[in-house]
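Two complexes are shown next, each including chain A; its partner changes from chain B in the first to chain C in the second.
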Partner chain A sequence: MRQISPLTLSWILVVALLFPILIVLGIYMRTVQAEQLPSLQSWFYPVMTLHGLGMVGLWFTAPLACVADALKRYVKPSSTIGWLAFGGTVVGIVLLLVCVLVGRFAAGWYFLYPLPLMGGWPQWSTVLFLVALTVLGVAWLLWSLDLLRAIAQRYSLTHALAWHYLAGRNEPEVPPLVLISTVSLIVCVAALIAAVVVIVLFFADMSGGIKTDSLLMKNLTFFFGHVIVNLSMYLGAAVTYEVLPEYTTRPWRTNRVVALSWNAVLVIVLLAYFHHLYMDFAQPTTVQYIGQIASYASSIPAAVVTIFGALLLVYRSSMRWGLASVLFFVGLAGWAIGGVGAVIDSTITVNAVLHNTLWVPAHFHSYFLMGLVLMTLAYFYHCCQGAAAHAERGVSRWWIMGLTLFGGYGFLLMFYLAGALSVPRRYAIYPAEVSYGAGYAGAAAAFAAMFLVGLLWLLGRMWKRWAETSAAPT
Partner chain B sequence: MVARSDVEALGGDIGCAHVSRSLSAASRLLAAALLSGAALACAASTSSSTFREEARLIDHRLPDIELSLGDGRIAHLSSLWREQPLLLTLFYRRCTGTCVPSLLVIRDEIARTRQAPEFRALGLSFADSDTAEDMRAQAQALALEHDPRWLFAVASPPDVKRLADALGFWFRRDLTSEQYDHPTLIVGIVQGRIVRALLGYPISNEDLRELIWELRGRFVPYYQLPGQLRLRCFEYDGRTGRVRPDWGLLLLLAPGTIAMVIAGTVFTVGARARSGGAARRVAEPLLRLRPGVHKPSA
Partner chain C sequence: MRIIVLSLASLLLSPFIAPSVAAAQEQAAAIFQQKCTACHTIGGGKRVGPDLAGVTQRRQTDWLVRWITRPDAMLAEKDPIAVQLLAESAQVPMPNLGVQESEARALIEYIGAQSAAASAPSTAAPAPVVLPPPSLGPVQRTALILFLLLTVLITVVFIAVAVSTRRPSTVDVKKAYGLRRVFLFVAAGGLLVALAGTLSRTPYPGADSRPDHIVYVAARQFDFYFSLEPIVSVADLSTVPLVKHLELPVGSSTEFRVTSLDVNHNFALYGPERRLLAQTQAMPGYVNRLRVHLDAAGRYQVLCLEYCGAGHHLMQIELTVK
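Then we have the complex of A and B:
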């Protein structure tokens, strides 16, 4: 029986508290788009900002907390830095809540320059927003550097990146968790540095009136945003590599293909973000082609190798199908489905049609909600389950899965269908030309509510398992 | 001058010639700097307002007016833009100011496009005293009477006024000199819609070249913005229409590069710690935590 560390438990509590609230905000948005709640329509854009920032931040830190916990099997991260990152994240969240709920800051989670400086909200809320980002950025940068330091104290860089596998040597054995974590943490540092540059340029404009090229700012912002979202997925995959074998009783080892694929990710993920700028005609055409090629290339190494590996791991194994293992497995499926949606949208000719339609939230909700979220919850449940005194029993877990999958995929389907019908994203109220978007929004809100019920049930069950741990004699 | 006299007065008050001279020199420098700054600010401001005026014309539709061409034909403006994209400039025959120099700049820039004519240029007189015969003489004076790309025309005063109003073009007659006060305006028209406008004199060759490129069907995605920015990813060269990397690109490369350097540093420090024996102390108990994990690298 393995005890849950207090830090991991704290992260589980934060997720259990914030995630349902952020889902309720999402349901609110879809309800407004369904032309309901007229008295609350003016809150749409502040809520959209909070929902987007909250979800991205939460689902970056939660899988990073999982990785930090799982890495303790091999290396020794500093618990002080871990708590510092936790504290910094909580402070950052509080600042964001104040700037959005009190200051009505509503520039969206992209906060594209110069919108934060030109909105109808007070300037203090923009300053507070940038301060919040600074606090979060510093906390996460310290955390990432500490995890890298911990890995470096046991592995050389070439070993941590598994380059010796590329040379045909299997010794020393490097777990996929260490390889993927190293890759993810390096790109995480790059993303956070890009965020620092963006924040400095924002402050330079606000305090010194030094204007910055909007295209440069957009490049930097999407470098940060795209990389942070992608590496969150990779962190989810890292813990899946580590924990899923415990349910299949087969090892999932690093080999040459796995090493090659994740090293390719290290380079490609830094270039794929260009696909966010297809509509920016001032961006040179060559860069747009690089964006498309990198988008295609980034999906093959990470997703295909991982998913194919997972299928081989599960195929004809004596798999223990519990709530955690099912969540890991369907999480990988969600990553694949969302990944296909993303690759479709990253094709330049298709993007010309789907750009800024609901197809975009469709694909990123697919790999986040039904991919990363499920993998992270699986790890948390695995921790509680592993710490529980009794084996998992009862049929309620299948009800939980049913509600989560049916609600989640129903919710996504509404996004995909509306996106394919050119319903634009980020509209509080749909114009007459796409008024049919309201129907899809209403159905999506109902499906999301179903997902929320499944989630609350899952969290309740997780709580119960943890309570059993506390009650059990050690 | 105001700054100099003020500072000299200050020097006199404190009764120190040396200080006065120093301050006087400093004041000249200060005044020069202030004037330069003011001139730059003024230029930037003028450039910004011109840019706004030009931008305001984009996408405007023009009225269809009847023209008397220099070759004796009568044509509608719409018949010209329906056939081919049209470069339109307004002038008058007896102008002793910017009209002829402007026409020369346009003529020379069009002459540089050696390909078959893909658009036409129209010089339209806004002076009610000008006649079709004057237009023919103007074409001859510019050696353009046989150039199929060029047309010169007059129109009735009400039609000229309609067109000028649509373009925001103004002209004022000076009774003493018999000259018109007016700006210089060149517009590119595609199917009756303004796609680009150039306002003011002297005409920028680069801007005019872009206007011509656009009339020839080439998409020009860049526009020189007033008030230069310090950092850009790419800089657009108006002479060649090409894009070259700019200093801002370094900011895009910096995050990835710095991250790699940091990773290298962290692992180098880690290697020193391992070689110092710290790794052994940490790793051995950890290895016992997970069966099957091989001994870590040295």
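Then we have the complex of A and C:
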């Protein structure tokens, strides 16, 4: 019987507490857009900021916690740094809650310069927001560096990046988890350094009145945001590589193609962020073209190597279907579907009519909500399942999956349809031209509520499995 | 249950169905619907701005006319009622929406009549008019159909793989790798064709052609300004002649030179069909040149698609093509 470490258990509790709350905030937003809750409309943008920051932060740290836990099979991360990162994340969350709920800070999750300084909320809330980001940034940077240190203690950099596979050698064997974690953590450090530069430039403006170039800040901000979101997805893929073979009873090993694919990702992910700036016509046109080429290229390793590899792993295997394996499997499908939406939007001519419409939250909610979230919950459930004394049983899992899939994809479909119909994202109230957006918002809120019921049921079941473990004699 | 199914069906199908022509509305009701309902109701409760039921009784008509037509000036003058309203609406200022005095007087009459209707015990407050969705633009339609087709394909493949586990057997790895090679060529080939077909049609203006018209656009929280001369600072707004009602000839090529005077905004042009036609960002310190062929006559609406603060959804301006 496998034991769950207290640190992983703490992360599961944080996710179980925060994720439903953040979903409720999302449902509130869609309800306001549906012309309901008029008395609470003025909270829309602060709530939007909290929802975005919370979801991005939560679904970066939760899969990172999974990877840190899974890596313990091969390397020894520092438990002290792990707890420090956990504590720093909790402190950062509390500070963000204060600056948004008390200070009504509402610059959105990517807080484009100079909006945080010109939004009309009190200056202290902007300072607190930047302090919260600093705390989170330091905690996550230390955590990432410690995991890289732990990997480096056992593997050299060239081995951790599986370059010897490219040269035709299979020894020493490097698990895909180690390879993908190394790639993800390297780009994570790069993203966090960009975030540090952004925060320093904000403080320089606030304290010294030193104005910064808005296009430079936009590049830095989207580099950070794009990379952090994508590497979160990669962390989810890393634990899937590690755990899914336990259910298929087939190995999923690193080989030359896998090594080539993830080393390509290391470069491509750093260039694809340009697609966020297609509509900034002042950006050099060559850079815009590089953005589209890199965005298209990024889909090849994901689709042809990882998702194809996962399907091959499952095809005609003696798959042990249970909640964890189903969640991993449908999570991969969500990643693929969201990826299609993303690649379509990364086409410059298409982006010209979809940028900042609801198509954008449509595709990133697809690969986050129905991809990464399900993979991460799968890992957590796998931990509880593995720790439980009894084999999994009961039919409630089909109800859970039914509610989650029907609610989740119904919710996403409303985003896609409204986005194609030119409904803007991030509007508290739709003006007359796009007033039909309210109908899609109302339906989306109902679907999201359905997803929430499925999630709470899943969390309850996870809790029950954990309780069975605690009650079992040791 | 039937109502729910019908509502959902209409949401799902409406992008593919050409809209019916909306019934003609009274001018004041149309202006109210277009410019006021985002923030106000008449008897429906407070939104960002106050509930306007009975406002014609509480305030003098001349004050209301000025407030509707020149709210920015009244806020700048620190008119005590305007300042109080600003505080009550979480510092979201009433924007100058370019309403003419005659339109403001018509609006006041309309609000007065609707207030009376709202206060009558047997009469329900008028439901806000929700315009039907437009038909999909050609690019949006292609994107949506392609997305839905590929989603169905992915779903079918995943279901087939899941079902295959009912009959476990060993997999011919060599055959599988051959299939992966085919998948690679198909995916990479498709992407290369898409690159070749789309990179030549990007919206970035080249230096080799000149537009028929150049219009300068300045954005700031939470207004747009048109001018035929450059606007580079807030001070220019009082020295440069602004164009209140921009009219452009049908079939012309127009270049919008877009900048921002404060935070990041966006200039998104919606055509007479209410579809998004083109857009560019409005950035402080930069001018983005958006070139558009105005092929259809009618009223065009500009919205801001980059979140810019509490009044983000209020930013809009019109232009007419005829």
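Here, the second predicted complex is superposed on the first by the 472 of 474 C-alpha atoms of A that agree within 3 Å, B and C clash if a C-alpha of one lies under 4 Å from a C-alpha of the other, contacts with A are read in each partner's own complex, and residues count from 1 in each chain.
Following the convention adopted for this analysis, contacts are C-beta pairs under 8 Å (C-beta built on N, C-alpha and C of every residue); 3 or more make two chains touch, one makes a residue touch a chain.
Model, not experiment: these values are computed from the prediction.
**Q** Assess the superposed three-chain arrangement around chain A: do chain B and chain C clash, or do they fit?
**A** On the shared chain A, the partners clash.
**Q** Looking at the overlay, does A:L260 come into contact with chain B only (first), chain C only (second), both, or neither?
**A** A:L260 contacts neither chain B nor chain C.
**Q** So in the superposed three-chain picture, is A:L166 touching just chain B, just chain C, both, or none of them (first/second/both/neither)?
**A** Once the two structures are laid over each other on A, A:L166 reaches no partner at all.
**Q** In the overlaid three-chain picture, which partner chain does A:L215 touch, first (chain B) or second (chain C), both, or neither?
**A** Once the two structures are laid over each other on A, A:L215 reaches both partners.
**Q** Going by the contact rule set out at the top, does A:L7 touch chain B (first), chain C (second), both, or neither?
**A** Neither partner.
**Q** A:L84 contacts which: chain B (first), chain C (second), both, neither?
**A** So A:L84 meets neither chain B nor chain C here.
**Q** For A:Q41, select first, second, both or neither according to whether it touches chain B, chain C, the two together, or no partner.
**A** Only chain C; A:Q41 stays clear of chain B.
**Q** Under the stated touch criterion, which partner chain does A:V98 make contact with: chain B (first), chain C (second), both, or neither?
**A** neither
**Q** After superposition on the shared chain, which partner residues are touched by A:F281: those of chain B (first), chain C (second), both, or neither?
**A** In the superposition, A:F281 contacts both chain B and chain C.
**Q** State whether chain B or chain C is in contact with more residues of chain A in the superposed arrangement.
**A** More residues of chain A are touched by C.
**Q** Counting clashing C-alpha atoms after the superposition, which of 55-63, 199-207 or 271-279 on chain B is the one that bumps into chain C?
**A** Looking at 55-63, 199-207 or 271-279, the stretch of chain B that collides with chain C is 55-63.
**Q** What part of chain A is shared between its chain B contacts and its chain C contacts?
**A** Overlap of chain B and chain C footprints on chain A: residues 213, 215, 281-282.
**Q** Flag every residue of chain C that touches chain A in the complex, lowest number first.
**A** 7-8, 10-12, 14-15, 33-35, 37-39, 41, 44-48, 89-92, 128-134, 136-137, 139-141, 143-144, 146-147, 150-151, 154-155, 157-158, 161-162, 164-165, 167-171, 176, 180, 183-184, 187-188, 191, 194-195, 198-199, 201-205, 221, 262-264, 266, 268, 270, 274-281, 283-290, 301, 303, 305-310, 312-313, 316
**Q** Residues of chain A touching chain C in their complex?
**A** Listed in rising order, the residues of chain A that touch chain C are 35, 38-39, 41-42, 45, 104, 106, 108, 112-115, 118-120, 213-215, 218, 279-282, 285, 288-289, 292-293, 296-297, 299-300, 303-304, 308, 311-312, 314-319, 321, 329-330, 332-333, 336-337, 340-341, 343-345, 347-350, 352-357, 359, 413-414, 416-417, 420-422, 424-436, 438-440, 443.
**Q** Give the list of chain A residues in touch with chain B in this complex.
**A** So the residues of chain A touching chain B come out as 73-76, 145, 148-149, 151-157, 159-160, 171-173, 175, 185-187, 189-191, 193-194, 197, 210-213, 215-216, 219-220, 223-224, 251, 270, 281-284.
**Q** Using the touch rule from the top, collect the residues of chain B that touch chain A in their complex.
**A** 219, 221-222, 227, 229-234, 236, 243, 248, 251-252, 254-256, 258-260, 262-264, 266-267, 269-271, 273-274, 278-279, 282-283, 286, 289-290, 292-297
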